[in-house]
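Heads up: the structure comes next, in structure tokens.
Chain IDs A, B, C, D and E follow the sequence of writing; residue 1 opens each chain.
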Amino acid sequence: MNVIEKLVGSLFSDVGVYDAIRVTLCMSVCSTLLSSAIGIALGLALERFSFPGKRIVVRVNRTLMGVPPVVVGLVVYMLIMRRGPLGFLGILFTVRGMILAQTLIITPIICGMTYSYAVKTAPAVRVFARTMGANRRQTSILLVREMKYELYFAMISGFGRSISEVGAVMLVGGNIKGNTRTMTTAIALLKSQGIFHEGLTLGLLLLVMAFVIQCLADFLRREVQEEENY
Amino acid sequence: MNVIEKLVGSLFSDVGVYDAIRVTLCMSVCSTLLSSAIGIALGLALERFSFPGKRIVVRVNRTLMGVPPVVVGLVVYMLIMRRGPLGFLGILFTVRGMILAQTLIITPIICGMTYSYAVKTAPAVRVFARTMGANRRQTSILLVREMKYELYFAMISGFGRSISEVGAVMLVGGNIKGNTRTMTTAIALLKSQGIFHEGLTLGLLLLVMAFVIQCLADFLRREVQEEENY
Amino acid sequence: MRTTEETRQSFAIRMRNVEKRIGEFQLKIEDLTLEEGRIHGFIGGNGSGKTTAAKLMMGILSPDAGTIERKDLGPRDITMTSQRPYLLHDTVYANLVYPLRVRGRKPEESQVRALLARFGLEDKAKQYARSLSSGEQQKLSMLRALIFEPRFLIIDETLSNMDPESVEQFEEMILDIQKKNPVTWVIISHRLSHVYRLCDRLHFFSRGSVLASGTGDEILFKSSEPEIRRFMSKEMIRSGSAES
Amino acid sequence: MRTTEETRQSFAIRMRNVEKRIGEFQLKIEDLTLEEGRIHGFIGGNGSGKTTAAKLMMGILSPDAGTIERKDLGPRDITMTSQRPYLLHDTVYANLVYPLRVRGRKPEESQVRALLARFGLEDKAKQYARSLSSGEQQKLSMLRALIFEPRFLIIDETLSNMDPESVEQFEEMILDIQKKNPVTWVIISHRLSHVYRLCDRLHFFSRGSVLASGTGDEILFKSSEPEIRRFMSKEMIRSGSAES
Amino acid sequence: VAAQEGAEEKGRLMMATTTSTADTGLLDYLAPLFLEDTGWELQWDAVGTGEALKMGENGDVDIVLVHAKASEEEFVENGFGVERFPVMYNDFIVVGPKEPIAATDDIEAVFTQITEDQLSFVSRGDDSGTDKKEKKIWAALELDPTSNEQYVESGQGMGATLTMADEMQAYCLTDRGTFLKLKKDADVSLELEIVCEGAKDLLNQYGVIAVNPEKYPEVNNEAANAFIEWICSDEVQELIGEFGVEEYGQALFTPNAGTDN
């Protein structure tokens, strides 16, 4: 461990790269899983239930897919700062605070994508589930299974967003070296020091990591050959 | 015009809000349209053609969906700086440079979403198009038409990303007041000055704008009632 | 005010004054009673409302007005095969055992394989279900509905793309079930000869309502309704178990 | 080494030593010649390769080996209606005129409406196509194939969910076209009586190859193949234009 | 004469500068005057010191205004800049909670106490002018700040670092201008107080350098020279000295063109 740490660390200026990798992974995986759980549930629920103002909710959701991270960062900051309503949690400048902010950013994305897929898929699945005598829970599970390719893609998109995010994480995490510094905030720091090449190298490392994680995830998924007979 | 300018401007500290709104709109609409054109074409082509290493390309595409904006910012900066290979264009610290950076960020997103939709939709459409005697161009047009709901969603997602982006725009545009300052970079500036409430207000204004634009876009789309008979 | 008929034969599903509007189409069923343990045939022109009525019975659609009584039939006791079978994005086997899974029953591998073999699908257990040929898809859809022994089944044109041998096999299977442990069937089909052979009662749909109900002979041969007579004239029906 | 038959009657499509493997399934057609201006019927069990052969003819699939000759047939002259009709996410009208659009031809509104009216779809021009009933969807699919007057058509089980009246209407339409301006047809169907009545030649598929080709009588009544005889025994066929 | 020149607009002067000049509003205050006096429109990109110098090195800006004397001199030595002109200074102060450090002018005592008592301290850690100054003090005291577990590096600009220090109730080395500006304008009002000011050798000297036109012929050297001449002029120096007095009760910057720290 120590050897790798030294090796990776030595490639870069003193920004604490090794810790940044650890923090980045922890944060993006946690927030992706969290917001997948919430986003998929919300997306399916949004498709499932009709209520007045639903169209507005759908549009608000889509709008929130493009909420500027720095705005989310500000909101979370003001919630969890010492004098804020959630100040007692003491999660400002911690990875947990960063996960919270990221979850708020990514959840609308996963929710929106889930909804947009479900609108196409769910009616047929629901009719089928009814004919098979599935109860509500089983119907939801079935729907998720039938949309697994799409939901996986939504999760990958969320993960991409989470690993690349910098605005909210910088504000809420504080970019504290060895603690809440992520690869992206480290890149931003290198950039502000005018050390562009190292920033780029670190960016490349981030992309390679994201690629590898995705390959692993792809590997874990069982793929069925899906040629249809029209 | 002047009245609105004064009114909006007066709400905020001297960050040049009115110009920032103009720049934000121009930049995000242009880059969304550009990357939609490129991303959709690439996504469809990726689905259409088989070649060795295609799976890798698909994964690289997905990885690039999560490329950190600040990295793209660095790359574009190094391309278009005076000494860079594209320095002769003289688009550093201009809105055009920002559009270039944004297009690079958003295109993979739209391409990836298009591809993932096309994989599901295209085989059946292509078989159908063949039976109807459609040529290549007509088949592509048909495919786009059949995926219009999904592609619209991809464009909305791209727009969301483009309107909320800050890292690349800041670096390439330089956050020059009245010139290349966008709403997000203005928010970042206000944030760094500790003026959080104005940052939030401006963020809200941005979201409202995004919402309105989306409603307009929704309005322009003709929607058919799409209840199927299973 | 019960009639003798009703006392003798209890119903499985009864629709009373049911109305349902979908787009321009209006379904209006004053009284449609499906007796328990019988095979009912729904016939009638395209777009006459057969599938809509079936969906109402299944609870897939809910009526705008009227009542639908289901006697002793919970959601787990009824099933319907669709005119466009929905197959899971999975293997044939996974599709077939799905209703068992829903009921928490463990499929017996050997039994399932025997069932597949009986309909010529033995080599296809692991094939992606949606790559089956049209007739094979319908067979799978039928087997999936039959595997959990439901007490009320609606078969919505699910034999239409099967070859004559398979159709006969399924007909035998249906009659077999009726001999051993009668359940209630609704068979929607345009193949009048099959319907005539299989069904205890026929219900003729026309423009959103049930024009006539009765035995096969009553409807197909003795009806005085001009519409039914015209409908009938287009298809030859073999009565009894004649061989060609 | 031309036979008299071949000289007299030119072919529209000829498949020679065609092989195609899809998953476990192997299609192998030594010689399948479809004469021009004739109605050909493809019959055979489910999964015997009828649809696969049709897709090869259409160029939707390409063969692993062998040759498929299409005489004077460009991609705009041929069409196929699918066993699972693909309907555009659009109105009935838009679906119907799509092939005209493709050919840069302007649809004549009144003519299109007349066509719809002939098959009872007059009120449905503006309906979302995928909300049609199963038989209506097939009708739309048929009309869409016929509207641009193709010279080679494959009808893959597209009459299976239609009511007897509509089936007869389409049969009449087909025979009508053949009288006026003969084109080449392939009709894939499991309704042997219709196939027998319509087709000039039948091709019997079995396990991926063409077991026999010939006239209706040759195949259905005079064949000595045990498989064909068994197949036939399940369905009664009315020959000629008998009325019930 | 100046007013007449202002009638025609000549073009833009692109400046890379540190966040402090922008965040305090000094440039917003000067730019319109500069346009009026000379006809050049001043535009700036406020970034980290390193980034600002990098942009100068790449020839992407016409002029830099930063505060990191050693780096600036290196910049000129390497031929990227023409000449360094001192413009103004403000001073560094240590801010933090009133307890346990009592207000003093002895920076060495403050830093020693922070390390020995393991008090919270937020360092910028971004190699900026302020950061370099801080590192220099630790080095002079032969103290290892990282031995203090409460010592964190924020890797961000001065404004963000101050906000963090306030939130964490930590000590922080800052330039006076940014602190005053934040103390007054931030809507989460800073609780931090000045605990050390007036120590000698805590001056924060700003220098302005035109990017070398011999290296980059494309740069707007004419405007850059005009700016240097303008900002070093007595009138403008006076204006700088007045900036902020009304709002903050004291000047944010002390003009000192011609001299140096």
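Please note the rule applied: a contact is a pair of C-beta atoms (placed from the backbone, for glycine too) under 8 Å apart; a residue touches a chain by one contact, two chains touch by 3 or more.
Note that the structure is a prediction, hence the values are computed from the model and not measured.
Q: Give me the fewest steps it takes to get from subunit C to subunit E if each step has to go to a chain it touches.
A: Graph distance in the chain contact network comes out at 2.
Q: On the document's contact criterion, could you list the chains that touch subunit A and likewise touch subunit B?
A: Neighbours common to subunit A and subunit B are C, D, E.
Q: Which chain pair has the highest count of C-beta pairs that touch?
A: Chain pair with the maximum contact count: A-B.
Q: With chain centres defined as C-alpha means, what is the inter-centre distance between subunit A and subunit E in Å?
A: So the centre of subunit A lies 37 Å away from the centre of subunit E.
Q: Between subunit A and subunit C, what is the gap in Å from one C-alpha centre to the other?
A: So the centre of subunit A lies 47 Å away from the centre of subunit C.
Q: Can you pull out the residues of subunit E that are in contact with at least two other chains?
A: Expected reply: 157, 160, 188.
Q: Hunt down the residues of subunit D that sit against at least two other chains at once, touch-wise.
A: In subunit D, 22-23, 51, 82-84, 86, 131-134 touch at least two other chains.
Q: Any chance you could list the residues of subunit A touching two or more other chains?
A: Subunit A, residues with two or more chain partners: 78, 124, 127-128, 149, 171, 188, 191, 196, 227-230.
Q: Would you mind giving me the full set of chain pairs in touch?
A: Taking the chains two at a time, the touching pairs are A-B, A-C, A-D, A-E, B-C, B-D, B-E, C-D.
Q: Name, in rising order, each residue of subunit D that touches subunit B in their complex.
A: Within the complex, subunit D contacts subunit B at residues 55, 58-60, 75-82, 86, 88-91, 98-99, 102-103, 128, 130-134, 137, 144-145, 148, 150.
Q: Can you list the subunit A residues touching subunit D in their complex?
A: The touching residues are 227, 229-230.
Q: If we count contacts the way the header does, which residues on subunit B are in touch with subunit D in the complex?
A: 124-125, 127-128, 130-135, 138, 142, 145-146, 148-149, 224-229
Q: Mind listing the subunit B positions that touch subunit E in their complex?
A: Its residues touching subunit E are 13-14, 81-83, 92-93, 174-177, 179, 189, 191-198.
Q: If you look only at subunit C, which of its residues touch subunit D in the complex?
A: Where subunit C meets subunit D, its residues are 22-24, 44-47, 51, 83-84, 120, 123-124, 127, 131-136, 139, 157, 160-168, 190-193, 230-238, 242-244.
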